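Just passing along the structure, written as structure tokens.
First chain written, first letter: the chains are A, B, C, D, E and F, and each begins at residue 1.
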Amino acid sequence: MAKQYKSLHPIKYFRDYLAHDIRPDGRELTKYRPVIINANSVSTAEGSAIAKVGKTTVICGIKAELCQPKTETPTQGFLIPNLELPPLCSSKFKPGPPSDQAQVATKVIADIIENSGCINLQDLCISTEKLAWCLYADLVCLDHDGSIIDACLLALFTALKTVSLPKVEYNAELDSKNLQMDERTPFKLYNVPVSTTFAILDETVLMIDPTAEEENLCTGVVTIVIKDDELCSVLKPGGSPITEEKLVDCIKQSMERAKLLGKLIDTATQETNDEIDK
Amino acid sequence: MALCEAEKTFILHSVEENFRIDGRQRGDYRPMELETNIVAPSFGSARLRLANTDVLVSVKLEIDSPTLEQPKLGKIEFFVDCSANATPDFEGRGGDNLATEISNCLSSAYKSSTAFDAGKLCILKGSKCWKLYVDILLLECGGNLYDAVSLAVKAALWDTRIPLVKSVVVDGNKVDMEVSDELFDCERLDVTGAPIMVTVCKIGDQCIVDPTTAEEHCSGGSVVVAVSKSNFSTILQTGGGSLHPMTLLESLKLGQTVAQRLDSTLINTLKQINDNSTDVGFLK
Amino acid sequence: MEMDSNTDCSMPISNFGNLTRPDGSTIYSQGKSTVIAGVYGPIDVKPQKMLIDRGSVETFFRPKSGLPGVGDRLYETIIRNICETALVSTLYPRSGIQVVIQEMQSGGELISCSVNAACLALLDSGIDMKFLIAAATCCLDQEGYLIVDPTELQQEKAKATFVFVFESSEGRIVASHTTGTFKLEQYEQALDLCKKGSAKIFEYYRKVINGKYNKK
Amino acid sequence: MEDVLVCIPGQRLCLCDKKHISGQGTYERQGYLYSQLAGLVKIIEKEDGVQLIEVHSTQDQGLVPQQGDLVTVQITIINQQFAKCAIKCIGDTVLSRPYRGILRKEDLRATEKDKIEVYKSVRPGDIVLARVLPITEAHTYHLTTAENELGVVTAHSEGGHQMVPISWTEMQCTKTLVKQHRKVAKVLPEKPKQIVT
Amino acid sequence: MPVDLKRINGPENTVSYKLYTPSKTFKEELKCLFKSNNKRQDGRNSLEHRKMFIKTGIVSQAKGSAYLELGNTKVIVSVFDPREIPNKTDYSQKGVLYCEFKYATFSCPQRRNFQQDSEEKQNSIILKQSLEPAVCLHEFPNFQVDIYALILENDGSSLSAAVTCACVALAHASVPMYDLVTAVTMGVVDNQILMDPTLKEQQLCEVFDETDTKSDHGIIVTSFMSTHQQISQFYQTGNINLENISKSISISTDASGDIKLLIEKCIVNHVLKGANKSNEE
Amino acid sequence: MSKKKELVSKIGLRLDGRRADELRRVRCKMGVFSQPDGSAYIEQGLTKVLAAVYGPHQVRGNRSKAQHDSAIVNCQFSMAVFSTSERKKRPRGDRKSSEMSIHLRQALLAAIKVELYPWSQIDIYVEVLHADGGVYPACVNAATLALIDAGIPLKEYVCACSASLANNDIPMVDISHQEEMLGGPTLTIAALPMSEKIVLMEMSQRFHIDHLPKVMAKALKGCKDIKVILDEAVRSHVEDVGCSTGWSNTSQKIKV
């Protein structure tokens, strides 16, 4: 009967759980789901990673291509992130162009990359005004079960950490390019921002790392991005109002978690680097 | 088209008896009419009428640059347009699915160099080549679209004349070329290998060729084979059914012989057309 | 670049009812940014978007030129969520409320400007609201000083910018959007400053609404 | 644990004859019974030694409503002719995606059909038990509540409070004590399964 | 190319750096096909299939899902509950399958586009036609079952991997089926038949060969239902004679049977797991 | 500004050798296809158009569109991708095609006796095979023939013709593609030629108000001329069909 009840009165069902300070999947309000990161999962990409936050799965593949820098920024390369939420990952999405949700998430991720200063686009320039690298960081969600931004950032930065680019000998006069596939330089990442998402219900209850079901029923979310010991984004895109104290509390919780996540990314990349060394 | 069970049984029996509803035998085609050079703004064109099926094909040429992966190849692109004239179901984007199916099948049949030598369309390696637009307009659907389309395409390509390139001047990265604007300064395409598609339709335990729309509805599965000279350039099962491996093999054999027969007839016909050129088009 | 009359710039200007078709509309200008906001509602809604227990809020953010892109989608979502929170949407089940924001001129703090304009347009339309909302922007310059109501130039040069949206009843935070990096303490300071800034906006709302009804 | 017979789609189960009949999850082809699903074989002994062979999946099967199915629906829109609704459950199975259904005025109750008024029988948001009528070529499923056991089971008053049935045609809000008309279902709380079969 | 307003766009005209790396000619590549001991580069015989790994229940939000690894080729397929056919006005007695086959943008040596290209569209159609004869469509009239296949990494034979994977996903979603479908890709190049070609081998089979146009080359994908001995889809491109085709048919139907044993095991495991779970409850 | 090329020479001939009030050669045929209820093919100069009519039949798609007092008329204009000298990207769906569809519908709606077929729908599809000026008039004329072929009652013929002003003075009819490109404004009229009612008028650019009446009169005259040609085609078609069905005997007797 529980299933029928859940389907007919989802909010009541949810509140019944929360009344006992526990969530439908058995977690406490401040407990996050296990995180698994696997680096270098796709060999056709220059860098790749799969991140799992609970059931939410995101794969990131990075493709490097050559292009001409823009005239406004002649000494910069490109890093183009895009998140796909294909119909494969949840019945919420329909085939066709990206949904609003995918577009918003893409923009948020692009903003975080820019805000954190984790990369220097000038590293991607090969020859001023002539040739630069363009890194396409394509994120694909394989299983959408909430906290998508968190999973995306984990996959994205783990993948970026594994990228190494071949050396390009460029002769500007002849416009000839010569690649040294053996001489590869790893791509430099200056810091690794990680995020934590919270869901708000009834303006008072805060849940860390919500599932898709919780996100649906809740009336607002907050995503906090931490880089080293600084904040790099506090995004609360509307929704139920909360007090200042609650917000600061969220920030503190996410700072704690950020340390763990940072270590996790390090170990994931370390493992693959070790494998390559062998 | 909706058929009732009795109609289906009738068709099934007629195929069994080797005396189909329009009096044909299993391996027979319906009468065809072919005209070439009937669309003025094209480099080559053909119209094929296979009983009720009416197909108009035009070939247009443009100068393009080859892809970076294959700098030595020209390009050929097939575009099928299902006109709403054929059936109201094609209105708007209604015919798009059928159109992609046919155009995909055509492009995979023409992909092999044996079937169609795209290397001949290359003008200057890596920078200039011809792009052939083969536009197919379906004006009426009376069954057996694949066969009709492939015949019309082959005829249109046969009819196509490519202007001669008089001179190519390479200056650094810039390429200047001059195309002859003389009307008769042109060459024909080599289409001997251009594949002919035959739809072999399984009805009951027998295989037939050139099914009518009604027969297509009774089919338990059909195979489209594209045959270039004597080899297969594409095989594709259509129509939703499944086939036993032995049946498939038999269908392939049947398709191959029929395609070769069709091919030689087509070439003969095309040669005759050339002699008496009176354009009548749709006015006949 | 005119930088002289900074005091004049900081006071918002608005005008109601410029558009005749929407149920509520306003031209709103704050600093050097100007937007037009229009509200339609409650109106019929497509069956797919219909919600049985409350109204569905849709927002369209139109940039000054060109077609809306990925970035504008984020603004749309933020404004939509804010409006949805502020409205008593349960009063309008199975119907829709559309908020359309047209950017006229952008000179910093565009999000704040749009949110405040949306709030005024909602007020003008007479749709029931739980509370008012007001947005304020401030930015952190390279030396670590906070600047309230920054100009576009200041925003560009800043180390970080903060946009906060507050509600009028208890002054809680409805939305927060930041760029750049910053410390927690700086964030808290910015929050405080913006809260004060939002109080001014609320005051302003009172003034214009008073003006609007007294006129009639 | 009793020993279970696992089967996969296309697996031949047994000869199809008078003693073995094809049941749910199986199909018959050229004299044999085959399985349609990946799941467990269930053999139901009937009278005369006839065995009904069924295959049951271990998870919820993707059901579509069939004629005569008992469904749980939520009313979405009403007008004077009909009420539109979303089918949420078929029998005991919860659907992951609701199907569209429609309750026409004349199918709301069995008696005094000419006096039925839709808004006095159901309101948007109500949870209603209904039965699927014969499937027509329309897009939506036609439903009926013209049985004693069928009708509104849960409803909320305008204030959002739960309402309880006080008669066959009325429900009352637990908080405001407002009475509203409904076509109330006679719920058998003890054995809900009986309704299903 | 038009600007995609719903994504972040990169600069115009980016090219893969791989174009500037030294490449071998067709003849050289052909020579590298086999090692000296008559084995292929990955150590297989010409008619040997790669190792296959299958797992069900990968996507929690889908009704059924499966993940399949074939060498380096990685496919994920999810299947959803029947839903109303969008934009359809007339009633159909049978249900329909909606199939979408997509390469992830980073799955191939060349970056793929976000939109389906004609190859992906064609593969979607083949995927649909491979599965349709096996699914009991009459069980869900007027509805469609959505099947989405995403190739995470393409190392050849991705279409056949997607067909097999989709079939497991359908079984996992308990969509009624007449039989299991398994698919095998065969490559023909230089008159040699290669089973389950890798991407490199597949490209050689497809490629335009200017020197020797007489020899057979091409790709054959066979989808087979082994219980009922029916070929549900047979797709071939290239230029192959009848003899090689008939050979390939018999080889691939045999291989399909072997693959079926593998996926059977996987499905049975899933059922047993489910049965244990419901027993515990 | 360069001097505009003379569209009519001193001896009164146009670029293609026609006189100012001369139509291009019109050739047409009804009943080109067997599956549609009515079909027609028309050539006006080099412009070639096929039209097909389906109906009246039950309303397809959204049944709620059906009207209780008249039939729905549904038009689709489509241009083959190869019909112009520059290859088109899409045969339909672009803005110009939709506009043409709407204009076509407006013109035909004026002639079809829709009130005879309540709750039903009539589909008219036109396919341009070769566009060489005067596409819209050719479409209207082809559609009229197809409607007659389908046996759908019309109030009268609906014909269309284009006209323009040469050398800022001489009105001329049936404008070809070349003249459209070189010349000034083009006026297109769809009319009921017997009752001399104009159902649709469209100008590509502005006309001086003084010129308008004479150009309009010319276009109307063109419509009437076309009507005569169409009428002849219809009569001969009916006679042809009649011959094969056997009632020609009677008609011949009457003639005798």
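Here is the rule we go by: a residue touches a chain if its C-beta (ideal position, glycine included) is under 8 Å from a C-beta of that chain, and two chains touch if they have at least 3 such contacts.
For each chain, UniProt lists the protein as follows: A = Ribosomal RNA-processing protein 43; B = Ribosomal RNA-processing protein 42; C = Exosome complex component RRP46; D = Exosome complex component CSL4; E = Exosome complex component MTR3-like; F = Exosome complex component RRP41.
Values in this document were obtained by computation on a predicted structure and should not be read as measured data.
Excluding subunit E leaves the other chains in the touching groups A, C, D | B, F. Inter-chain contacts peak for the pair A-E.
Ranking all chains by how far their C-alpha centres lie from the centre of subunit D, first place goes to F.
Distance from each chain's C-alpha mean to the overall C-alpha mean is smallest for E. Note: centroid distance subunit A to subunit C, computed from Cα atoms, is 28 Å. The mean-CA centres of subunit E and subunit F are about 51 angstrom from one another, to the nearest whole unit.
Centre-to-centre separation between subunit D and subunit F, using Cα means, comes to 57 Å.
Counting only residues that touch two or more partner chains, subunit B has none.
Shared interface positions of subunit F, i.e. residues touching 2 or more other chains, are given as 60.
Across the assembly, subunit A contributes residues 91, 103, 106-107, 110 that each touch 2 or more other chains.
Taken in their complex, subunit E has these residues touching subunit A: 4, 6-17, 20-21, 58-62, 72, 74, 76-78, 80-81, 100, 102, 104-109, 111, 114, 146, 148-150, 152-155. On the side of subunit A, the complex with subunit D involves touching residues 1, 3-4, 6-9, 91.
Every residue of subunit B that touches subunit F in the complex is listed here, in rising order: 39-42, 45, 52, 54, 56, 58, 60, 62, 79, 81, 83-88, 91-93, 133, 135, 137, 139-142, 281-284.
By the touch criterion stated above, subunit D contacts subunit E in their complex at residues 1, 4, 6, 8-12, 25, 27, 29, 34, 36-40, 57-62, 64, 95-97, 99-100, 135, 137-139. Those residues of subunit D whose C-beta lies close enough to touch subunit C in the complex are 74-77, 124-125, 160.
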